[in-house]
Amino acid sequence: MVPTNYYVILSAILFGLGVFAFIFKRNIITIFMSIELMLNAVNLAFVAFSQALGKLDGQVFVLFVIVVAAAEAAVGLGIIILIARNRQTLNVERVDLLKL
Amino acid sequence: MNSFLAANAELLITIVKIALLLFVVLTVNAYLTWFERKVVAHMQSRWGPHRVGPHGLLQPLADGVKFLFKEDPTPAGVDKFVYFLAPLLALALALTSIALIPFGPDPIRFFGHDIYLGIAPPDVNIGILALFAVTALGVYGVALAGWSSNSKYPLLGGLRSSAQMISYELALTMSVVGVLLMAGSFNLKKIIEAQAHHPEWGILGWNVWPQILGFFCFFVAAIAETNRVPFDLPEAESELVAGFHTEYASFKFAMFFIAEYTSMITVSCLCSIMFFGGWLSPFPASWTFTHYLPSAILIPFGLWVIWDGIRYETIFGRIILPGVGTVIAALGAVFVVLPGVNEFIQGPFWLVSKILVFLFVYVWMRGTLPRFRYDQLMSFGWKLLLPVSIVNVILTSFVILARMQWGGK
Amino acid sequence: MTASLVVFFVLAALAVIGAVSLILQKHPIHSALSLIVVMVALAGLYLLMGAEFVAAVQIIVYGGAIMVLFVFVIMLLNAGVEEHTSISKMAGAPGLLLVVALAGFVAATIARSAESVQTASQSGVMSSTKDISNMIFKDFVYPFELTSFLILVAILGATVLAQREKN
Amino acid sequence: MPTHPILEYLWIIPLLPLLGSATNGFFGAKWPNKYVNIVAIGSTGLSFLLALEAVREFFDSGQVLLRREFFTWIAAGNFRAGFDLQMDQLTVVMVLVVTGVGWLIHIYATGYMAHESGYYRFFSYLNLFMFFMLILVLAANYVLLFVGWEGVGLSSYLLIGFYFLKKSASDAGKKAFIVNRIGDFGFMLGMFLLFRTFHTLDFTALFEKAGPWPPEAMGQLGTFTIACLLLFMGACGKSAQLPLYVWLPDAMEGPTPVSALIHAATMVTAGVYVVARSHILFMHAPTAMLVVAIVGCATAFFAATIGLVQTDIKRVLAYSTVSQLGYMFLACGVGAFSAGIFHLMTHAFFKALLFLAAGSVIHAMGGEQDMNRMGGLSKKIRWTYITMLMATLAIAGAPGFSGFFSKDAILLAASGNYLLYGFGLLTALLTSFYMFRLIFLTFHGKQRFDEHKIHVHESPRSMLAPLVILAVLSVVGGWMAAPEFWGGENHFEKFLEPAFANASEHVTQIPVDPSTRTGKFLIAFGEGMGSALLKILWTYAAIAIGVALVGFLVAYWLYLRRPEKADGLAKSMALAYRTLLNKYYVDELYGAVVVRPLVWISTNVLWKVVDVAGIDATVNGIAGGTTAVGDGVRHTQSGNTRSYAVWVVVGALVILAVIFFWPSQMKPVVGMVR
């Protein structure tokens, strides 16, 4: 068996990378992806702990997280399309008027 | 050396199986094209391929050769990596999906190893889910191909296919839920066995009858997933030249081709497993004489092939066809004489025959139906297929619940 | 160094590489692809942990739906290579510093918390889908219903956003 | 079906007027007067009948005190204030007076207010008043009583300010309300003190606890004394006693029926009722009793003197009301509670009658209230004249009339103390004087108004009927308490016996000891009649009658025989006259002593310092600070998502730091994991 620590550390690393991408990418879509990456990292931790503790709650949470992520993706991408339509750019730094 | 064998027997067996499956699938694919062309041709009262070899039986070979030796230009300004990745992805996923399908219930004992027909053992806990997972990824091949080739038509094709696949995947998944509910498992083997719950019912025990709605949805959605007529918008010749694989030539194109046909086979397998009792015989279990059906079909067929072959004056006709014929007939004879083998062959026989039927239906539809318009496609998927499948799920669950409540036991 | 460890390390490496390439890639499609790699790797890890259902869902929903959506949008907007502006001062050196600190903290905190479960780590339950569904539809039924509502709202929102205002 | 349905559902008696009030208040605006009448008179009349039935059942049940707890209103710790109603003899009297007189006045008002706008409003208020008054008299604990107490205050305020477009009216309303506040403050303090001492405010429980206590010595400021004085303070406010009487005369701004019902018959007697109700407490506090007596006596005399010179017909009556209330308190003060209540009842009759009659006069004169512009009306409005004359005789204490007996009883009780007695007599003289002055000025002599301008006309039946009924009552009302030597016997006192169980001896005792000189004199005076007691009683009666007669004669002489003499008198004693005319300048005094300082403090301290410098400064300061902070932080809102992202990271960092450096024995994270 693999020690839970490994999974957890891995998820931490992934999360960190996600945060990094979240800050240092300029493309809205990519930023959005980095959010997904963070979510995934968290999911990993969830599953790891649930397996370690022999409880299934973690996995159920993961399912919920996935559902929420799906909803979020739907809306978020809609917003992104709108932004691209109105601003003709995907660079977040060019979209700073706080309105569409 | 022997010890090594013993140690990694499982691994070796798997590798062998993979090679075998690859060979089989590719051959079948090749001849599927022949089959398709023939059938469509006859539907349109043409001859179809008949120049290369008797009945054009060597046509697939010729095509293969052609694919291999054609020049393979890479258009300028393509995204190289993705451009190469896309066909590989498509093919790989298609093959993976077929690798997950069990072709027979019980293993062959072979040097103390259970060897199942099909690469994955038939009872994977999440069999069907795994299948869906793989098919779900299938869309990338098309989409990426469309995007990477940096040209209008492919891009449109890619867009269409991705949209279409997302839309129909929902219906696909939902339509199966009914079956899953009835079987109470994702496990393909269990699903099949659930259909044999009353051995005497035979064909009446299959899922098609209670799940007719589900079957309808599933089959339609599956066709859409495989981008076949009438849902072949991603490669609509009349509008998009050749859709997502416009910019692909020779072997890369072949990969897409093979992928498509492979997924056709997969879908046929799934249909027969999910709704038509997989490897179950349509006859009541007590009718043991039906077990000789395979031989009863194979022997005459073999004889006919021999007879048909010797009319030709070409070498191929004279030598090969009769040879093949004798082999087939011999097989039939063997089954008759070795009852054990016969019993073992039942499952695969029925499964394969069902698959063939579905493949024929595929071709048949291609021969008959016109292509959807894009908006029609979408509204059909979202407004008809999905709701119907959901309704099916609800009905099924209600019925099952009612049975639990009042059906006793 | 058991087989499972090997598998773990392979998959973990895959995931990390994917994540890094998500950052390094200039073109969103490549980022998306690398993210898909990460997700598949994670699915593999879930399988390794015996969470089959989650693994399947991970691939079907994340790989098969969400990421497809991403790719679709990228293709739709024909997004080009990302331009490299740096207007925000915060997101410069200080941001980097903070991120490093955060990652460190996360690692430390989680590691410390994980020590306590390390011992329990051996209880490898092969989680059957039945149990999970039992949990969802018994213990977590209200959150479940809520998520359904959430999805409905999301659909509406997406529809509203997507339709062009008629003039 | 309980044997005593109404008693079981006692709450229905006050409820009916409330319903009437609500109905009229909500729907009356759209309705024609007819419907409003039906609702108003119907509800009050019904509750009157129910009250009668209740009384019958009460006697039928033969209990001394009957108590019903309907629901708990406030329950806090060991404090319970329930919606409990009780019925005893005292309540019987009050309930009958309130509902009966109230009903008559309702009927009267339908005629009187017929042409007023806001008709429905008037009756809605009037019914509301009835409701609260009934609550007041039926209440079985001080809290509920206080509810009624405040409620009648409210409705009185509403009704005084009924013509709220007239500034004087609204001012009068406010004045009444505020002055009453002062009294109520005392009342509440009294309640608190009582609760602190006895841990209950239920009458029965409270009195049971208080009974055994030893009475406090004269001049001792014990709990009882203080509590009683505080309660009496409230009574002063409500019953317009010195020094809080000032609101009552101004309250005459309200419509006359209101003056009759609230400011003569019922509400203003609430103070007396309270004192009588808590007589047990007062019995324990001689000092308080003395104070009550003195204040009552002083008020009686004081108000009477003012009444001498007023020319506004209603004001005269107002001051007479004040002075009559003074009489009642005098009675209570000397322990003759039954006499006080008796006078309360008779007074309710004749004073209501007087006001109604006055209203009828005003009605006839087309709104004229100044007696100097009246005169010689006796022929034109005969019914009004006769009834008013009856009332006047009653209040003046003509033998045989109700006022005679009640006042006589009071004087008799007060005769233990020469000072009180003397002033009582004096007041009686003044009373008869100004009452007859009113009569003569209004009804006799030559007309002092222009026939052609004012068409004098008798009032409609709806107004006359109550007058007649009340007249009858005020004539015969006294006989139910006619002392023995008048052939009759004091039913009333006997009747109230149980209510004032341990107060009665004060009344029945011989007022003066025959052995003293006065005793001898009195006995000598009443030569040749029965026992010494009878002689003395006779003497007192004779003296009272004589005094009343004197007053009458003086009035006759001054205002009928030699009208010019009155003016001459006024001129010759200009100073006194003006002082009286200006009511001893009391309002001005209050203005100077109380109001002006208050205004000054409010403006210069509360407004300029506390409000502006304190509260406003704080509020504005907070707002300003927020703005400043916002100005500072605004720059983080660059709109650049990446900056936001960094800030998010900062937040996350903080949280993580907290978790990480958390005291290890708690280890929230691990707690989560385990």
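Going by the order they are written in, the chains are A, B, C and D; count residues from 1 in each one.
Everything below uses one rule, namely that contacts are C-beta pairs under 8 Å (C-beta built on N, C-alpha and C of every residue); 3 or more make two chains touch, one makes a residue touch a chain.
What you see is a predicted model, and the numbers here were worked out from it, not measured in a lab.
Peer 1: Identify the chain pair with more contacting C-beta pairs: C-D or A-C.
Peer 2: By the number of C-beta pairs in contact, the winner is A-C.
Peer 1: Could you grab the centroid distance between subunit B and subunit D? Build each centroid from C-alpha atoms only and quote it in angstrom.
Peer 2: Here the centre of subunit D sits 102 Å away from the centre of subunit B.
Peer 1: Quick check: how many Å separate the C-alpha centres of subunit C and subunit D?
Peer 2: 81
Peer 1: Starting from the mean Cα coordinates of subunit A and subunit B, work out the distance between those two points in Å.
Peer 2: 36
Peer 1: Indicate the whole-number Å distance between the mean C-alpha point of subunit A and the mean C-alpha point of subunit C.
Peer 2: The separation of the two C-alpha centroids amounts to 5 Å.
Peer 1: Among all residues of subunit C, which ones touch two or more of the remaining chains?
Peer 2: 53, 57, 65, 69, 74, 76, 87-88, 91, 95, 99, 102, 106, 110, 113-114, 117
Peer 1: Listing for subunit B: what residues touch at least two other chains?
Peer 2: Not one residue in subunit B touches at least two other chains.
Peer 1: Among the residues of subunit A, pick out those that touch two or more other chains and give their numbers.
Peer 2: Expected reply: 19, 23-24, 26, 49, 53, 93, 96.
Peer 1: Tell me, which pairs of chains are in touch?
Peer 2: Per the contact definition above, the touching pairs are A-C, A-D, B-C, C-D.
Peer 1: Considering only the defined contacts, which subunit A positions touch subunit D in the complex?
Peer 2: 19, 22-24, 26, 28, 31, 49, 53, 92-93, 95-98
Peer 1: Which part of subunit A faces subunit C closely enough to touch in the complex?
Peer 2: 1-21, 23-27, 29-30, 32-34, 36-37, 40, 43-45, 47-54, 56-57, 59-60, 62-64, 66-75, 77-82, 84, 90-91, 93-94, 96
Peer 1: Which positions of subunit D touch subunit A when the two form their complex?
Peer 2: That would be residues 637-642, 645-646, 649, 673 of subunit D.
Peer 1: If we count contacts the way the header does, which residues on subunit C are in touch with subunit D in the complex?
Peer 2: Answer in residue numbers: 87-91, 94-95, 98-99, 101-102, 105-106, 108-110, 112-114, 116-117.
Peer 1: Over in the complex, which subunit B residues touch subunit C? Could you list them?
Peer 2: 79, 81-82, 85, 125-126, 129-130, 132-133, 136-137, 139-140, 143-144, 146-147, 155, 158-159, 162-163, 165-166, 169, 173, 186
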